[in-house]
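Starting off with a structure, shown below.
Chain lettering (A, B, C, D and E) follows the sequence in which the chains are written, and residue indices restart at 1 in each chain.
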Amino acid sequence: MSTVTTDAVRGKNVGTAPAYFSCHDIHAYYGESYIVQGVSFNIHEGEILALLGRNGAGKTSTLRAIARCDDPALKKGEIWLDHKPVHTMTTYEAAQNGVALVPEDRCIIQGLTVEENLQLAQIEEPIGWSIERIFDLFPRLKERRNQEGVTLSGGEQQMLAVGRALARDIKLLLLDEPYEGLAPVIVQEIERTLREIKELGITTVIVEQNAVAALKLADRAVILDTGTVVYDGSAEEVLNDEELRHNYLAI
Amino acid sequence: AGAFRNDPTNQATVKLGFNVPQSGAYADEGADELRAFKLAVKHLNGEGDGGMMNTMKPLSLKGNGILGKKVEYVTGDTQTKSDAARASAKRMIEKDGVIMFSGGSSSGVAIAVQSLAQEMGTIFMAGLTHSNDTTGKDRRRYGFRHFFNAHMSGAALAPVLEAEYGRDRQVYHLTADYTWGWSQEKSIQDFTASQAGWQTKAAVRTPVGAGDFSQYITPVLNSGADVLVLNHYGKDMVNSLTQAIQFGLRDKQVNGKDFQIVVPLFSRLMAQGAGENIKGILGSTGWNWKLQDEGSRAFVKSFGQEYGFPPSQAAHTCYCQTMLYADAVERAGTFNPEEVIKQLEDHTFDGMGNGETLYRGADHQCFKDVLVVRGNENPSSQFDLLDVQQIVPRAKVEYPEDTYPGELGPYKV
Amino acid sequence: MDAILLQILNGLDKGGAYALIALGLTLIFGTLGVVNFAHGALFMLGAFCAVTIRQLLTLSVKVKDESVTFFEAFKEVPYLELWLGETGTTIIDWSVPISILFAIPAMLMVGLVMERGLIRHFYRRPHADQILVTFGLAIVIQEIVKATYGANPLPQPAPELFSGTANVGALFGMGDNIVYPVWRLVYLAFSFLIIGAVFAFLQFTTFGMVVRAGMADRETVQLLGINITKRFSVVFGLAAVVSGLAGLMYTPILPPDYHMGMDFLVLSFVVVVVGGMGSLPGAVAAGFLLGILQSFASMNEVKQIIPGLDQIIIYLVAMIILLVRPRGLMGRKGVMES
Amino acid sequence: MQATATKNKDNLMVLLFAAAVLLMPLWLQPFGAAYPDLMQKFAIFGLFAIGFNILFGQTGYLSFGHAAFIGVGSYATVWIFKLYTMNIFPAMLFGVAISGVFALVIGFICLRRTGIYFSILTLALAQMSYNLAYSVLTPITNGETGLQLSSQDPRSWDAATAAGEGIPSTNLFGLELSAFDGLAGFYVCAVFLILGFYVAMRITRSPFGSMLRGIKTNQQRMMYTGLNTKPYALTAFVISGMYAGLAGSLMAAVDPLAGAERMQWTASGEVVLMTILGGVGTLVGPVLGAAVIKYFENIFSAINTTVLADFYSFLPDGLANVLVTVTSLFVGKGWHLTLGLLFMMVVIFLPGGIMEGIARIRKRFSASN
Amino acid sequence: MSTLLEISGVNKSFGGLQALDDVNLKVNEGTVHAIIGPNGAGKSTLLNAIIGKLVPDTGSVMFNGQDMIGVQPHQINQHGISRVFQTPEIFGELTILENMMIPLLAHRDGAFKPTLWARSDAQADILEKAEHYLADVNLWGKKDVHSASLSRGDKRRLELAMCLSQDPKLLLLDEPTAGMARADTNNTIDLLQTIASRGITMAIIEHDMHVVFSLSQRISVLAQGHVICEGMPEEIKTDPRVREAYLGGAEV
């Protein structure tokens, strides 16, 4: 797992260690429109960070920028993951260096079965969980393994999307609204899983409308508004800070 | 005669339009036509060695242009499509102000622009067109054809075929499915039947540009026919012949006779395309550079010296057409098409490669000697692809003017 | 009876040709989803590989033909024959098969250059743009070939060994009336070989799956660490080679000229779509189906009943199939359906 | 109010368009394109492309057989000329009507499929029409030669012209289209082009237009929104078919001949290229695309070495000759090459076609001041 | 209180899977009826069966006393059934305003009426309505934006507005608030409540219990394609089967 492979590196920078993951003043554009307007935050290894904000605040855009998707195009700023400059990488290079995005619209691939969707994740190194292990986590998928992925129910698709991320050996997990459309029981399932993942030392950013749930899980929270960071601090703080919650999360 | 379109009288020069295929399957033929036209213009303007102006008689041309006006020309691309050809011709007439236009490499196009010529009142001297219709049912007062036609091919070939392959043959026709193909099929059938007693086993229509003709050739194998006539032209002929020979037809023995293949209309470019496969095949052609009469030699000389290789039959007919028009104008003493037409009609001339020739007034068809040629078994050079088997005299191929009835239309438009 | 058997054989022969000719397009159009109007050009370039090689092999000393005046006429004797005598003649005789060795790298280059330099930037562009750019490219390639080799067909004889006819009937003990050109049989075998190889490559490796996935959703596939562009170039190169070889091997049957590509373009598209977008087996099946039906529709007996049927059979069948089966014979869902 | 604002903008656009079209004989002079036949072609193919764009640009159905309607329109029109009258009005009415019916049938069949499957269906039907017209249907179409007028034609409605007197010119209630050296013919075409343009604009701006764009973007959603997409698509198909038919009729009207090759797939492909080249979904784009292609076909193809020679005559001979040989690769018989290059350049540098280019230039200006 | 929608004995299987297993369900006029259940229970499939996206193997779907089986989707909608999809179904290439006009036109002009000549931007009544509904989901400000470039939550709100604008007799909502910010969720709840108060019947699928319990008068629980129980919200909350099959430890 990643921990093993990178020990040496980490050992070297003890003390001076900049955060395990950091994005510094990133700016991203959809064509002309300027969406991510200088976002910066750090995460320590194994931390879970909740990225919150209103609809259209720029959460998804930020995640996509970090995963080096083609749009929004990252025009300025630096992204470092485990001492590697993600901002210089292409989408697949970022992925090969341990960045995994679970997109908000799941992006299950048309024309491939559930199993093929998982196999696809294991074509390139580094490989993470075995497909069987993923099926143990989501038995529902096992039942449907030979069904075309896009015909899965909304929730099943969400499971597949998360599973697909776990099928790779990842250092940074970017979850865009992972609970959306999931039955409460499954939400609890996934929360449990995320804790497990945390144990594995995988650093996680979670975007979630169900802020309370997210904050309960997270160590730290960053709140975005119109593409800029308006809060960066501990999760409890947000949970306890009436005003903050009211202003930016309306809860 | 009153006013007429594009009257060059008060201009120093006169414009001719050369409308040839520059793209599509016949582009090379078109290129050769264009060379011939340019050569003709040179000679008309008194440059070069004068080519056939030294041999054609009667001759009224003086080598000072036409009626003393320097000859200029414009070119266009017919794309071997009726619409494109008409568009190009219209450009020459409406924009460039040509007094006559010429060229072309297919009957469909020739007929289409010929009717345009009539509408616009501008003379069209057809290039390579072989269908009987051009001077038959689709003849026009303003259109003239120097090239021979399917009827003449039949008339010229039949006796040779009989002499070579004997009587009472069973014939299988593969025919390009359009007017030219049909008219040639009919002509060949009529003459071989009447003169050599050949019977038609089957006559099958093949789509134009089929590319692979194998599905039409397989039925020939066991059909009991012992002669295959390919009424195809250009690319289609190259393909169908190549493929027919691959199917071993020429090695076959049917009804105790050697199976034979006949290609009624030949050209050197087609021979090049068919390569080895053309060897020994009989067909007819309008003209060949190896002819030894003074007219042909004069033309081959100046063409060869100009371009470094011999002219094709297409080049020959286009060159002649230009000369004939110019000469007619000189005789008429005016560019007025009505007068020029009258001069061309029933004009008899000689020294242009096909012996004494008549431009028949009734249908604007030239009557002249026709060549029966055979694919050369062992060529002495890269141009030496066809052997002139026989020069069939004009008398043998002439036919009465009401054979293919048609309406020329008025002189005045 | 023999007539029927011959027609069946002919149908297979045509079918094989159609399948092979369409194969390259299935890869680029059916699999990569690029509307490639330059497919015909690739086919034609392959054919001209054969032409080029033959011209090189037959470089000749020119012996002037003195009988000809006014211009230079030569009898050409290839150097190979002068130097190697019999062997030289044999080599020239085998020029078509030999040129395969040259065509494979050449077409691969063409394919990769074309993909890297042009097509790559059009994967995510609307089909309209792909049509215009590939059509433009096709014209340019054609015109260059026309300018170099002229517009007239250039005959490419098959090796002596393969140029006769084979008595197929005798092979299966069905009388001596079923003879068929050897080269066409070779072509049939060749198409089986190539189709089989490509099929194996895409079906029995994950490669096909990955490319299909990439076509459905490039971004997600890249998010899974896969360098999809690289794989696309591989497919494209492969397609170019396959198309080229199809054209090259066809030259003895159809003397190539610069326009031959356009003549096969429509047919290729019809075959691919009738087979069903994104389905290799579909395209192959369609090729054979159309070939056989066309062959039969061209028999005089049939033509007498329905005149002109042979002229439209391909399109008629295409229409019927597409009306009966929404995605052609074996099309995948959602590929170019909107 | 915003509605009226856009409305005025549209009307202005139509006026400018009309002015540009009607003044062609003047401003096309310097381009050497100001002669009747070519200007007629501009108008006719412009019309064709506009109609095609209603189906392709608005509705998202890429038809690869639209030339079939051109052919049908032409044949129908010429037959009226032959049988009844040389007056183009009834003839064109008939031509458009027939092609409308033809489009209705073909559309009904083809619209059962979408995407590429639709395209191939249209292609197949058009190619069948072409092949049959070329061969078996010769009695109706006169095959390869094309359907022509002849002095023997009955023309029963016209005062009979005695045989031998030749063929009368087509006319619009007495106004001969060949009058004024063919300018009459051009203006007839021009008027139709402007009308066609206006109608297309109205359709684009209408609720019907929105429906078509809805079908283009999300056909499923349309259905669950209570809309029956089939008849909408079919209407669009028939309309664009009738545009094509009108273009075909006009062709026959200004030049009374109808050839099968008008229906060939290359012709269908040409209008696709015209539309994309000009700008899919734009109003003016297709017209520009059509003009460019026709210009190349007719003017570039005619530039031969002598023309080039005196074009470069001001230069020293050596240089001139070099330039002539180089340039001659791209003009005359090389005109296709230039066209191909143009296609590539446009899509590469101006995704969105010529209109995109114009838009950019506009932006430049608005930015600068 | 009459039955508006009656589903009886509906079965649907995909290959081996019985997605809907003899489903019986009544939706009464003027009520908000929630359908909850684990993922893959068959909820969306059920809606698909209602709007004619798929035809059940057996069973009947009666709407207003008419059988909807085999009726064309567009006709079903014209009968007054409108649906919000689980993943937003909008016209990406069109502006928000145009997105809005299409359903409004469909509602006004019926399934097919080619209005070729009138100008869209002159349809005062339509525009007025459009403004009103867009304002409700506060997207009027973005009316000229291409809907493809909307954020996920905005897309959902747009689709909701599109459905509401047809004021349907029966509104089917498949997770209308999924991915919506809490604030907007609350707004949406209010919005839906006002709609309901206008007497529009609703069947709503939600995994957000807050939404479910603040809206619905009646709840059916679906599991493995089967209605395992139905009742008032209170009953459902406390039903042990529901707890272990669906709610788990979630506090509601």
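The working rule: a residue touches a chain if its C-beta (ideal position, glycine included) is under 8 Å from a C-beta of that chain, and two chains touch if they have at least 3 such contacts.
Which chain is which protein? Per UniProt: A, E = ATP-binding cassette domain-containing protein; C, D = Branched-chain amino acid ABC transporter permease.
Bear in mind that the values here come from a model prediction, so they are computed numbers and not experimental data.
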| item | value |
| --- | --- |
| Chains touching both chain A and chain E | none |
| Least step count from chain A to chain B, where 1 means the two chains touch | 2 |
| Chain whose Cα centroid lies at the greatest distance from that of chain E | B |
| Furthest chain, CA centroid comparison against chain A | B |
| Inter-chain centre distance, chain B versus chain C - centres from mean C-alpha coordinates, in Å | 35 |
| Inter-centroid spacing, chain D versus chain C (mean Cα positions, whole Å) | 33 |
| Whole-Å separation of chain centres (CA-atom averages), chain B against chain E | 76 |
| Inter-chain centre distance, chain A versus chain C - centres from mean C-alpha coordinates, in Å | 48 |
| Multi-partner residues of chain D (each touching 2 or more other chains) | 131, 134-135, 336 |
| Contacts with two or more other chains, residues of chain B listed in rising order | 23, 27, 31, 177, 205, 207 |
| Every chain pair in contact, whichever chains are involved | A-C, A-E, B-C, B-D, C-D, D-E |
| Touching residues (chain side chain C, partner chain A) in the complex | 206, 209-210, 212-213, 216-217, 219-228, 278, 332-335 |
| Chain C to chain D touching residues, read off their complex | 118, 121-122, 125-129, 131-133, 135-140, 142-144, 147, 262, 266, 269-270, 273-274, 277, 307-308, 311-312, 315-316, 318-319, 322-323, 326-328, 331, 336-338 |
| Residues of chain E touching chain A in the complex | 14-15, 17, 36-41, 43-44, 86-87, 149-154, 157, 175, 178-186, 207-209, 245-250 |
| Complex interface listing, chain D residues touching chain C | 56, 60, 62, 109, 112-117, 119-121, 123-125, 127-128, 131-132, 134-136, 219, 265-266, 269, 272-273, 275-277, 280, 329, 334, 336-337, 339-344, 346-348, 351 |
| Interfacial residue positions of chain A with respect to chain C in the complex | 67, 69-70, 90-92, 95-96, 100-101, 103, 107, 109-112, 116, 119-121, 123-125, 164, 168 |
